[in-house]
Amino acid sequence: MSQYRVLIDANDEKGLVYKVSSVFFENNLNILSNNEFVDKENNKFFMRSVVDGVVDPSELKKSIENVLPKHASVEVIKPRKKNIIIMATKEMHALGDILIRHEAGELEANILCVVSNYDLLESLVTRFNIPYKTISHEGLSRAEHEEKVLEYLATYDDIDYIVLAKYMRILTPRFVEAYENKIINIHHSFLPAFIGANPYKQAYERGVKIIGATSHFVNNNLDEGPIISQEVIHVNHAYGWRDMQRSGKDVEKVVLSRALKLALEDRIFVYANKTVIF
Amino acid sequence: MSQYRVLIDANDEKGLVYKVSSVFFENNLNILSNNEFVDKENNKFFMRSVVDGVVDPSELKKSIENVLPKHASVEVIKPRKKNIIIMATKEMHALGDILIRHEAGELEANILCVVSNYDLLESLVTRFNIPYKTISHEGLSRAEHEEKVLEYLATYDDIDYIVLAKYMRILTPRFVEAYENKIINIHHSFLPAFIGANPYKQAYERGVKIIGATSHFVNNNLDEGPIISQEVIHVNHAYGWRDMQRSGKDVEKVVLSRALKLALEDRIFVYANKTVIF
Amino acid sequence: MSQYRVLIDANDEKGLVYKVSSVFFENNLNILSNNEFVDKENNKFFMRSVVDGVVDPSELKKSIENVLPKHASVEVIKPRKKNIIIMATKEMHALGDILIRHEAGELEANILCVVSNYDLLESLVTRFNIPYKTISHEGLSRAEHEEKVLEYLATYDDIDYIVLAKYMRILTPRFVEAYENKIINIHHSFLPAFIGANPYKQAYERGVKIIGATSHFVNNNLDEGPIISQEVIHVNHAYGWRDMQRSGKDVEKVVLSRALKLALEDRIFVYANKTVIF
Amino acid sequence: MSQYRVLIDANDEKGLVYKVSSVFFENNLNILSNNEFVDKENNKFFMRSVVDGVVDPSELKKSIENVLPKHASVEVIKPRKKNIIIMATKEMHALGDILIRHEAGELEANILCVVSNYDLLESLVTRFNIPYKTISHEGLSRAEHEEKVLEYLATYDDIDYIVLAKYMRILTPRFVEAYENKIINIHHSFLPAFIGANPYKQAYERGVKIIGATSHFVNNNLDEGPIISQEVIHVNHAYGWRDMQRSGKDVEKVVLSRALKLALEDRIFVYANKTVIF
């Protein structure tokens, strides 16, 4: 007996729940949990089921595809530890939170490596027995530096997600396209407010009473990828921008870890630059 | 073409989603939204579907019952304005919020009447063209007063819900049993903390940093019925108990209106002194 | 014995708390509450004290001015009901919340009148014995319409605040300058995100996971005045933009009423397009 | 030039702000921030000022005491890293969060040692170069075990705070009295709800829609000490008690770290089994 996560993304039509659940029934599978969503505007159907039973996953995938409209996407996933790469720069809070969760066994993930453009976090990372790779950007153009990072990442066979834990360099389209919907970023603002550099300073200047953080998949438009999770905290006039930054760190790490957890549990669908999350 | 809300509460067994959705498919019904939950501990299956099509609702109910295990409960509900009675005492905030929502057309409800043990709110209520009935408790025992209220309520054929909008009198088992899972109360604390009289004073004495409010169905044990919704706000040392009470009112009205909306939209299942809410 | 609210806004220098509190002491005043804030970046000192005693308020103001640096602003305010005008268009939720709070005695305010460009809300308002003035914009240029509104407002001697409770017309600089830092608006987004028309549609398109509302003083740049209060709620993929709009209303009314309460209690200082709130 | 934190706790009387600020003025001290609170019910005055200047702290303390009523408590504290002991049992999340914050330089603290009744967390702690002391309770009575812990703690000269980061053993009055208002605990519930064992299971059984965590100083009555900070998260019917426990960990670590930070910054006054926090 094994569990499988079945993820379906199809054009909507009448009877999809019936047709898919009939496949589960014929295969004698038990449905442990089940979520559907129909986006009427885009005529799209999304379904995530967790099923339990004895089945060949590739056969199950084919059987489901057979009852769905053309061009449907079906994934039958046996839960396993995903392989992730973390990229960071100098700040410790978001990376540290993931390291502790990993150590505590909270994450369905193997951390293959932490990659940084500085060596500042090496001492922290290596004491968790996780490889640390410094690829300095000094003296290199953006393209040259990124080329070296991509080469290094290519030494890993199977990367499920790349987590940007306050990696403070902008990725080029080449990088982003190589890992489409696999790069999870934490942006230190409540997007789409304060896109770009030093959002806390922008927030302070504007006199906002709430600040936030946003985790999102990275696409070619900086800070404009599909949003996974957001959270906020209240601030007041007594917060200078550095106080906002300090308090913001607590929100950043919470939001990034939450987004990572959702990804590792195969709960996120991406379409139309948005996410459906079950 | 009509919409129906289908609510199913059954013992769990394999294939329930398949069986129910096959009935929808055979009846050529379109599923607009669909939620299921299995409580493994109690082996219970809950499902709420909104379907669209041409069907005889009592036939649909029978067809669904035929594919379910024995003792399953099935409701097929055509959305309509529910009939509600509001009971209040002296305070205006929770009642006023419902009156404004009703006036704005936000509620799927007809307010049949507001019943109070004082006449203080009569001027407010009647200007909304809603009947107001004062049934004073003065000089009466609890049983006598309640008897008069029950007699008055009995003049209405069809009461879907009774909303206690800060009705400050305790209901006897006789009353509660007459309207089982139909009486929605707002309790001015974050239950189960501070059960009983003057929760704000209790909260102040204890020095809590958060206060809240709880909406729940009323059962025979005071303040111990199934919880529908809860919300909180942060407070600090500068709040005296009257400040907590004042701030608490904003939470109370939000939570009560939220619970009422969930009930009016047939989103709440009650079992094991808890709620499942879709 | 009377209470006074003392509001001080001055350039910062050493000894201000001492100097001001010495004036209180010499006048035999009891300090009931006291808040100070120094904005080091702008070298500004803000103080709000509530004092209790027998004193001539204009003498007290002079005594305090005498111990402060030049150009300081001092207000000594005897708490009284402020006179407010509410402006609205078609929506009832924010206006209704203020009407109920007013009726319940929660607001330190007299509502002089509700002004609208439609007559849709007249029936609601007049049943609270509050005058309602429809000034239609049909067939008029923006300037012409606003001229008529200003003329009408000029018939009132003493307007403390104008509350835009979902008034859906843009005010010109002429109007704004006539009531500087006296016009409180509710913007149906979490500013500065989604400035401008239909923020809920913008938020939906962007796929945000949190929506919010912002109350602010109105200045010449649309939606860019000093922020008083903000609040948010979580949403998800199942929210269409109309669902966001519906849920957003609950946040809007909470935030507007909160901002109004702060203004009525003389708790807000405005400077540098920001607010200091005690 | 040095900064000092001045903490005053006195019976209230007229002129205290004036008298204290006159001492600051005479000593040519600059007030960087200033907070006061008067508890009228208990006739108590609390003040926390951060001042800047050249002064002998013990002289300053005396000068302030001279202007205050009898029995006033005055502390003049030069900010320094406080010495803390962390006590834990098996769980890693709360401890790990503190370790990472400490490593990142976010805490004004030296971690002298982590003490546990198991050796499970030793590998984590020692890789941060922090001593770990296992004092097993096996085969010992509560009193015997605690005696050994107290003996070990006595080897440290100067312990400012003891942080119970999910230390799952009950402390006896003897222990608590030895470190009055110095022991900070995280309780895995929204106190005073669900006092005692397995609060998550209690919360699940009760069907609550919000769970929380509470940090508090420990006194002789289990879970009834002065509350420092509380936080909550929303849950729903789909959360089993283990899901609540898992989600609760994120709240627990946030609340404990927040309370610790407040203590390290000398922001907490304790009286009447409550806290005043500036």
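A few notes on this one:
A, B, C and D are the chain letters, set down in written order, and residue numbers restart from 1 in every chain.
As a working rule, contacts are C-beta pairs under 8 Å (C-beta built on N, C-alpha and C of every residue); 3 or more make two chains touch, one makes a residue touch a chain.
Since this is a predicted model, take the numbers as computed values, not measurements.
Chain pairs A-C and A-B differ in how many C-beta pairs they share in contact, with the greater number at A-C. Of all residue numbers that take part in the contact between subunit A and subunit D, over half occur on both sides, making this a same-residue interface. Centre-to-centre, using mean CA coordinates, subunit A is 41 Å away from subunit C. A separation of 38 Å divides the Cα centre of subunit A from that of subunit B. Counting only residues that touch two or more partner chains, subunit A has 33, 238. By the touch criterion stated above, subunit A contacts subunit C in their complex at residues 37, 39, 41, 190-194, 206-210, 212, 226-232, 236-238, 240, 272-277.
Taken in their complex, subunit D has these residues touching subunit A: 33, 91-93, 96-97, 99-101, 103-104, 106, 124, 127-128, 238, 246, 249-250, 254. Within the complex formed with subunit C, the residues of subunit D that make contact are 14-15, 17-18, 21-22, 24-25, 28, 30-34, 36, 38.
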